[in-house]
Amino acid sequence: MKVRVYYEDTDLGGIVYHSKYLNFCERARSEIFFSAGKSPIYQGYHFVVKEIVANFENPAFFGDILEVKTTLLELKNASFSLLQEIFKEEKRCFKMEVKLVCLKNGRPVKIPPYFLDLLQPLQN
Amino acid sequence: MKVRVYYEDTDLGGIVYHSKYLNFCERARSEIFFSAGKSPIYQGYHFVVKEIVANFENPAFFGDILEVKTTLLELKNASFSLLQEIFKEEKRCFKMEVKLVCLKNGRPVKIPPYFLDLLQPLQN
Amino acid sequence: MKVRVYYEDTDLGGIVYHSKYLNFCERARSEIFFSAGKSPIYQGYHFVVKEIVANFENPAFFGDILEVKTTLLELKNASFSLLQEIFKEEKRCFKMEVKLVCLKNGRPVKIPPYFLDLLQPLQN
Amino acid sequence: MKVRVYYEDTDLGGIVYHSKYLNFCERARSEIFFSAGKSPIYQGYHFVVKEIVANFENPAFFGDILEVKTTLLELKNASFSLLQEIFKEEKRCFKMEVKLVCLKNGRPVKIPPYFLDLLQPLQN
């Protein structure tokens, strides 16, 4: 998944505002579902971010085309963890490990097969 | 209502990103309700933005404290119009006329007294 | 130019937050330059938004793919005006007329040929 | 430092969009300087986010007033680490450890006294 850096993504330092990388990663996660003709929200099931460990390695700039790579680290009953990396050509700008929990009616639940079918192939 | 300009509000041009002024105005509209102990969402009634006429008059910068002034221009059955101006000390940075429509279940409806009580005093 | 609606673009009303349409339009304006191998910032020349007249016609939702269409309305020495419309399939969600001014060192200046070459073909 | 949750901070799930907590924390960091009559950008010195370890513990909702508490964890020559926690009344919604590096001309440099005077009192 590719992302262009626009004005709105930058701040007065001339680089991408730090929390925008989390937005780019969320877009990439949603796109896993959309690109398969599915939705990240299904019969009340959806995911929320629970933990993030992030490293900001190199700055990205206005006009840059970034690539988000997503790998499955761990798949549990009601949660899963991803490694998401953002590259500018060969150089890595950002990486994060993110844990997401599956919720329905506000409570953690077993991830339904609708989602599992898309998560399992993300394994490296 | 006062608003501080933070990193997230600026872009690489070093000034406030243009659409952020609309966000500042929306905060000021919501605060009309919150500061009176009410909510802009009430029994399914809420408002959506329908029209905007905006002028960007002077730039605002990181760290600036801006003041949003809100005046009622017109009050109709199912909609109302505001003049919202954003000042940096004496200087006006931004002004907009915004028309909002009251919705319930996705359809325009008569504005309930719960909201009217707060809108009428905004008249200049 | 196509834009996907992600989580970050929506609000608790379940629809696209109103000022995000301005961001989508800004992306489309920047992409005019990027897609031609140019940049919207050139030798200190750049554009700032001066006026907006916007109509919010139909809501857009999470997962929607929107299309931004941009037409040149008027081209002056130091400024130009665009019509930008956002469609969801055949239905128009948003339209705005936006006036942009060319600046260098903070002052309005004649639009350089570098930009003119890309603006003129936008005429309907 | 208190932060109100506005429309723009929520997503269609009805809760605060996850990366917005990072924005709230950044506002609190900037306010450390602003409230002392200083700026987070001084003679070319400024800070960039290097690492984040974040936990999303409880959701926050439209209209909530959140409080950001900031404590110094470690102060080094060219960097420092903070614990930032966001509370809704007594309940903690979010916590993160964030490492920031002091830059000048794009390179890590010794934190100048101008900043140190404000960081040291943040020690618990």
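Chains: A, B, C and D, in written order; residue numbering restarts at 1 for each.
Everything below uses one rule, namely that a residue touches a chain if its C-beta (ideal position, glycine included) is under 8 Å from a C-beta of that chain, and two chains touch if they have at least 3 such contacts.
Quick caveat: nothing in here was measured; it's all calculated off a predicted structure.
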Which chain is most remote from subunit B in terms of Cα centres? A
Report which of A-B and B-C is connected by more C-beta pairs in contact. B-C
Whole-angstrom distance, CA centroid of subunit B to CA centroid of subunit C, is 22
For subunit A paired with subunit C, centre-to-centre distance based on mean C-alpha positions, whole Å: 27
Where subunit A and subunit B are represented by their mean Cα positions, the distance between them in whole Å: 32
Quick check: what residues of subunit A touch more than one other chain, meaning two or more? 7-8, 12-13, 15, 19, 23, 26, 41, 62
Considering only which chains touch which, how would you classify the arrangement: line, ring, star, complete or other? complete
Of subunit A, residues touching subunit B in the complex: 7-8, 10-15, 17, 19, 62
Subunit C to subunit B touching residues, read off their complex: 13, 15, 18-20, 22-23, 26, 41, 46, 48-56, 59
Which subunit A residues qualify as touching subunit C in the complex? 4, 6-8, 23, 26-27, 30-31, 34, 39-41, 62-63
